[in-house]
Amino acid sequence: MTGAESGRAEPGTLERAVEATLFAADEPMTVEALSSHLGGIEPGEVRGALTALQLQYAARGIHLVERGKRWHFETAPDLAHLLRREKEQVRRLSRAATEVLAIIAYHEPVSRAEIESIRGVQTSAGTLDVLMEAGWIKLAGRREVPGRPVIYATTPEFLDHFGLESRRDLPGIDELRAAGLLDPVDEALETAMRFDPDEPENQEEDTHEDEEGA
Amino acid sequence: MSAGLQGADQPFMFPPPDPAKPDTSALYLELDGWEGPLDLLLDLARRQKVDLRQISILALVDQYLTYIERAGEMRLELAADYLVMAAWLAYLKSALLLPKEEQEDPSPEELALRLQLRLQRLGAMREAAARLMGRDRTGRDVFLRGAPEGLRTDRKTVWRSDMFALIQAYGQVKARTAPRIYHVANRPVMTLDSALERVSAMLGVTLEWMEIRDFLPPHASPELKRSALASSFVAALELARRGRAELDQESAFAPLRIRRLKEGAAS
Amino acid sequence: MTGAESGRAEPGTLERAVEATLFAADEPMTVEALSSHLGGIEPGEVRGALTALQLQYAARGIHLVERGKRWHFETAPDLAHLLRREKEQVRRLSRAATEVLAIIAYHEPVSRAEIESIRGVQTSAGTLDVLMEAGWIKLAGRREVPGRPVIYATTPEFLDHFGLESRRDLPGIDELRAAGLLDPVDEALETAMRFDPDEPENQEEDTHEDEEGA
C-alpha cells in the first residue's frame, strides 16, 4: 500500500510490470487478464498496483482509468484542446441514435417496443445497427413475455468511449431513478393517481424515493 | 390542474434546457426536424415553461392545434400521425372543459397526466443523451496510446509423455512387427527312416529271432511306442523285401519275430 | 528546468502537454514537430520538458526515449519480455508419436525409412515435427547411403523428460518381454497369468540385448 499512499514513490516491480503491460496493450485489460498475462499474480495484488499507479498518474498528462472493469491509459481530459485538432474522428450520431443510446443506457435491458414507447416514434432498423456497429450496444437476450422480444444493453466499449467507470456513473441516473422517470408511464400513472397531489403525503413519497436512488 | 397531479413543488433536477424560444412562426422551418408528434409536443412544452411538471396541458393542446392549423394554411403536407394526434388533442381539450360528472373512464385528467408523464420521460432521456454526448469522449477529448506495441501471446505446446508409455509403445511395435516363425512342435513319432536305421542296427547284433517289440525304445511314451511299432513293422517288411531279414508269426496277432538273413542266403 | 532536477516533481503544464501529445501520437515526433503542434512553444522549452519527463520516467515501466532526433514512449527494456507472452498448453504425446520416439530412442541414429520399416506403417512428417518441437529428437546428420537420408537421434531433453541417466537405462527387449510388453495385445493377459519369470535367464539375456542396443 505504500505506493497507493504516495504518488511520488518509486514504482515497485509489479507496478512497473502492470504499467508496461497496459501501456503496450492494444485494448483495455481487466484485472484478471493482467493477472494471467503477468504469470498468475494474485488479482488482489494487481488491483493494488493499479490503484497505486492511478494515483501516481493523477497529476500527469496521461491518466490510468477504469472503464467497465477494464483498465487503460488515456490522455488527461483537460488537454483535449491540444490534441483534438489532428484527431477529429469521432462518429457523429444522429439525434435519433443519440436518444436511443441514452434510453438503452438508462433503462437496460430494454426492448425496441419500450424504446419506441418512450420516444413516441418508430425506431428505424438503421439506428440500432449504427449503435451495434459502433460496439456500444449488444443484444442481451429476449424478454420472457409474449412475443419474446429481443432486448438490448450497453457494452464495456460504451462505458469506455464515454469515460464511465460503470453505469452508475451515467449522468443524473440516480436523480432520474429517484424521480421515477426511469419507470414506465403506467407505473408512474398509478403512483400519481394514488396520491392526492396537494397532500404532504406526496412529499414523503418523494423523499423516500430519493433515499432509494442514492 | 394537471400540473398539480405530480408533486408540482418538487425541484426540477435537470439544468434548464435552451432558453425558451418564443412561440413564433420559426416553427415552420423546423418541420423536418420533428421526430413525430410527441417530439413536437415536447418542444412546444419546453417553450411554455422550464419545468415539464408545471406545463399547462390545455395551453399545450392549443399550441399544437395552432401549429397544425398554420401548417395546413401553408399547405405543408403533414404526416398522418400528426393529424391523429391533433384529433386526439382536440378531443382531450373538449373533455377537459366538460363538467366533471359527464366524464368517461379513463378521465381526461388521467389522459392529460399520461401525456405529461410521457413528455417528462422523453425530455429526461433527451437531456441525458445531451449530457452523455457532452462527456469527455475517447477519440475526441481523450486519446488512447497512438502506437501501442501490442501484447502478443504465443501459444506453445508442451508435450508430455512418460517412460511407461514409451516402452509400452516400443513393445507394441516389436510385437506387431516381429517376424513370425511358425514351428511345428516335435510330435511323438518315429519316422520310417529312423525305424529302418534302428531295426537294421539291432539286426546286426544277433542272428537269433527277435520280437519286433524289442526294437521299440524302452522308455518312450505310449504315443511314441505306437508310432515306433508301426514304423518298425514297415521297416521290417522293407528289410524283408530287400532280402536282409525274414519274418515269422505263429498265428494271427501272435508276436511278430524277425531274424537277420546271412549275406547271400536269400537267393 | 525544475522538473528536470527532480524526477519527483509534479509535471508542469508544458510537460503534461508534451507527455500527452507523445502518448497519443501515431509515430515518434521531433522537437520541432512537438513545438509546432503545441502552438509554437520555443523548441528550447520543449527540449527542457522532454528532459524533465525522461527523468521522471527513468524508474518507471515506461521510458521516454530519443531515437534519431525523434521522441517516443516505449516499454522499459527490462520489461520487454512482457510484450510477448508464451502460453503453455500441455498435451499428451499421441500414440503414433510415442512409437516413433521409442524407435528413435532404441535404434538411434535412425532414418525415417528405417523408422517406417520398424513400425511397419508410414510415418507422417508431422509426427517427427512434433517430436522436434517437443525438443526430444534432433537431426543427427545424414546416412552415407544412396539418397543420403536424414537421420534422427534423441536429445538430452529427452533423457531429462523421461528420467533417464542415459539411453543405456532403457529397458532391454527381454525386460519388455518379461513385463508382457512384447505380447500382442490380445494375448498379453493370458501370458501374464501363466508366466513365471525366470530371473537368472532374464539377466543373461538383458546383458546381451544391451550390448546389441548400445
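Note that the chains are named A, B and C in the order they appear, and that numbering of residues resets to 1 at the start of each chain.
Rule of thumb we're sticking to: contacts are C-beta pairs under 8 Å (C-beta built on N, C-alpha and C of every residue); 3 or more make two chains touch, one makes a residue touch a chain.
It should be emphasised that the depicted structure is a prediction, and the values quoted were computed from it without experimental measurement.
Asks: Sort the other chains by how far their Cα centres are from that of chain A and give me the top one.
Replies: Most distant chain from chain A: C.
Asks: Comparing chain centres built from Cα atoms against the global Cα centre, which chain wins on proximity?
Replies: Minimum centroid-to-centroid distance belongs to B.
Asks: Could you work out how far the Cα centre of chain A sits from that of chain C, in whole Å?
Replies: Roughly 42 Å, centre to centre.
Asks: For chain B versus chain C, what separation do you get between their C-alpha means, in angstrom?
Replies: Result: the chain centres lie 31 Å from each other.
Asks: Can you list the chain B residues in contact with two or more other chains?
Replies: 143-145, 149-151, 153
Asks: Which residues does chain C have that touch at least 2 chains other than itself?
Replies: 20, 23-24, 73, 75, 82-83, 85
Asks: Applying the document's contact rule, which stretches of chain A touch chain C when the two form their complex?
Replies: 8, 10-11, 15-21, 23-24, 37-38, 59-62, 73, 75-76, 79, 82-83, 86-87
Asks: Considering only the defined contacts, which chain C positions touch chain B in the complex?
Replies: 20, 23-27, 72-75, 82-93, 95, 98-99, 101-103, 105-106, 118-120, 130, 133-134, 136, 161-164, 170-171, 173, 176, 179, 181-185
Asks: Quick check: in the complex, which residue numbers of chain B touch chain C?
Replies: 143-147, 149-163, 165-178
Asks: If we count contacts the way the header does, which residues on chain B are in touch with chain A in the complex?
Replies: Those residues of chain B that touch chain A are 4-8, 10, 13-14, 35-39, 110, 113-114, 117-118, 120-122, 124-133, 135-145, 148-151, 153.
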